[in-house]
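Common to both upcoming complexes is subunit A, partnered first by subunit B, then by subunit C.
So, the complex of A and B:
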């Protein structure tokens, strides 16, 4: 069943926390992956891959550059769910 | 009806000896950061690399190959004349023809061994092992010399931020021959040409001829995409190679992946679920990414560090431009 934006945010925050060691509570929709959370391009790919598995969606590599903020990713994943 | 005589080889093959040759110069990050506007800290964080080995300008792919091959042959305890095939895996031999392997075979006294080059980039060493294993067991060759050799520094752009700063020059060689016990497990290999553009030469030789190439062709990559593919698609391939050999991750003593990036190596270790006792090849820190040479280099380093010994089981996996990949479990010589 498709997850709501709040559920996607919760799941994504857990993935980001696991990859970066950040507190999941700090992973908010207005945060920029690069500027606020200090996530580099390789860690971003790990997060994307784990999110693809977690939410059963496909995020093509060329779309990753458009996911600037956590909110961008939440919207993308929510919309991509079958 | 007339029937053909078919040769049959030994039941098993193994690696008899290993040799390596690194480029003569150890190049620290500080020496290459200016054109890419980077820092030692950034390169270490993103790749794990502290230095890369690069050859003198007059040193060729064949020179590096010769040094590694002579060591491998000596350690195998055979004469070069007992080698029936020479396989040179390289993407940086600067002639389309003739191949480098016949030149190498002549240099080391292996004439008239069959000799040919293969182009499988960073998977080239494991591709060569797969072929050598098959040639020996089919009775086509008594001993096969497999060489992974690259002079990557001839095909880099110092201002390229995608891959050039990773690359080093080196050769690694092994002799594969018959064995009384299994020494090379089944190879799990494949390709995915849909990703052909992820690691590529910037222009074709025809572009150079026609004047449409902006500069001499060099290598570039889509780093994050390659990272994702290697980190998450290659773990299952490595596990398949372990299963194909009829063992479990607990049975191996070493994991020796292509030395592309320590971040990829770390992620693969995680994906495979390697037990802590397994030694992991991390020669990239000092030698850089030497493409087809990187697995034998990392193997040699593990011996030198006392992390492995003769008879140990090592899982090796090569992956790179193509995209191509190959993995097998081997008994270390």
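So, the complex of A and C:
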């Protein structure tokens, strides 16, 4: 059962919060992972690995660099589910 | 000559989540050893069902992201470091004059084995990107350097059960040689996992007293049957006396000297004559400029193994001669179990506190002392050290591989 963008955002925000200690409510679609949320590349790869498992999708390494904002990731994951 | 003083102490151990609780319970002769908090013994058919498990889990004091990014060995080192650093007054130190030397004997064994479970059960793609920085044995000292901003060097000498003492010895050398003014030094170990327990048991190194966990670690007792695995961390802030006095720091005691030798005899067994252990003590006393008659206390390595305890005891008698009759011997592993890479550091903390309080901690569970023991063993309750004058004490730590470390501490 594919998840909606809102459901993906909620799940992704929970993963980011768990990894970084940020409040899940601060993980909004317009936020940049690096500039706003201060997530380094290793943490980003950790979040990607956990998201792949959570949403049962595959996010190739070459696509990760295009996931600049939380919204980019939500769109990518939502689309990849189909 | 640079004098090295101790200005901060930290620990998380089977006896308590900090130094005051750990020391109080050690003086009270309590055991931190209990039956395993899980079903491993039955599930895996393990011959040993108990260990010296932490009194306070790091997850109770660290943030969730911290516990996810660090192996338990590094988590424990950070808990101990935060206590020690605050205890030292969170000093302002030139980062390029500040070092960290925090060792682990085994490294990130939990991370390594959990990652292998992931590869086998869920596939290679599921391995987390932080696995390598979590499993590497220098991870605790690296995280300590990040914690305090230490840029003079971050080191992690590995010498099995002597690692924690070796770290303190190297920290002493680092200050004496002029490479740093302040070094956070100690050891940590988080190896209570089915594999290390099974592997140590396979060596016949562990006590199998499953029906009496709290009575299992009994150094020098005639019925001792092996060591008890423990976990935790001990850390101390070492500082040049000049630096400490300039900032008005409270001084617990002194590191007077260090002796380190290697047996080159056997990969696991100690030299039966204890020659390397004896030399380590002699070198440490000479390095410290301390006469045998000035030694009042020894915190022994004494792990409760049938062979090892008496090799060390004969060595202590050999080094101290008839003065050994006036020296109070304590084997605190009887209460904490054996923290492996954390042991030498925690026992250094105990030795410093014994000198400060002029009180030697007890050795518990000794109901029938080995008849060959010719040193005055402190049993069951603490005993007073001399009330006046400068005192010196030795902490011994020895490791598989033939590593021998003796550190001589002095009163402030």
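By our rule, the second predicted complex is superposed on the first by the 81 of 82 C-alpha atoms of A that agree within 3 Å, B and C clash if a C-alpha of one lies under 4 Å from a C-alpha of the other, contacts with A are read in each partner's own complex, and residues count from 1 in each chain.
Please note the rule applied: contacts are C-beta pairs under 8 Å (C-beta built on N, C-alpha and C of every residue); 3 or more make two chains touch, one makes a residue touch a chain.
None of these values were measured; they are calculated from a predicted model.
*Asks:* With both complexes overlaid on chain A, does A:4 touch subunit B (first), subunit C (second), both or neither?
*Replies:* neither
*Asks:* Which holds for A:81: it touches subunit B only (first), subunit C only (second), both, or neither?
*Replies:* Once the two structures are laid over each other on A, A:81 reaches no partner at all.
*Asks:* Applying the touch criterion given at the start, work out whether A:66 contacts subunit B, subunit C, both or neither, answering first, second, both or neither.
*Replies:* It touches nothing on subunit B or subunit C.
*Asks:* Considering only the touch criterion stated at the top, classify A:45 as touching first (subunit B), second (subunit C), both, or neither.
*Replies:* It touches subunit B and subunit C both.
*Asks:* With both complexes superposed on chain A, which partner does A:28 reach: first (subunit B), second (subunit C), both or neither?
*Replies:* A:28 contacts neither subunit B nor subunit C.
*Asks:* Tell me the contact category for A:19 with respect to subunit B and subunit C: first, second, both or neither.
*Replies:* After superposition on chain A, A:19 lies in contact with subunit C alone.
*Asks:* If I apply the document's touch criterion, which positions on subunit A are contacted by subunit B in one structure and by subunit C in the other?
*Replies:* Looking at subunit A, the two contact sets intersect at 42, 45-46, 49.
*Asks:* Touching residues of subunit C toward subunit A in the complex: what are they?
*Replies:* Touching subunit A: residues 63-65, 68, 122, 125-130, 133 of subunit C.
*Asks:* State the interface residues of subunit A toward subunit B in the complex, per the touch definition above.
*Replies:* Touching subunit B from subunit A are residues 40-42, 44-46, 48-49, 61, 64.
*Asks:* For subunit B, which residues count as touching subunit A in their complex?
*Replies:* Per the touch definition, subunit B meets subunit A at residues 45-46, 222-225, 227-228, 231-232, 261, 263, 267.
*Asks:* Taking the complex as given, what residues does subunit A use to touch subunit C?
*Replies:* Residue positions touching the partner: 18-21, 42-43, 45-46, 49-50, 52-53, 58.
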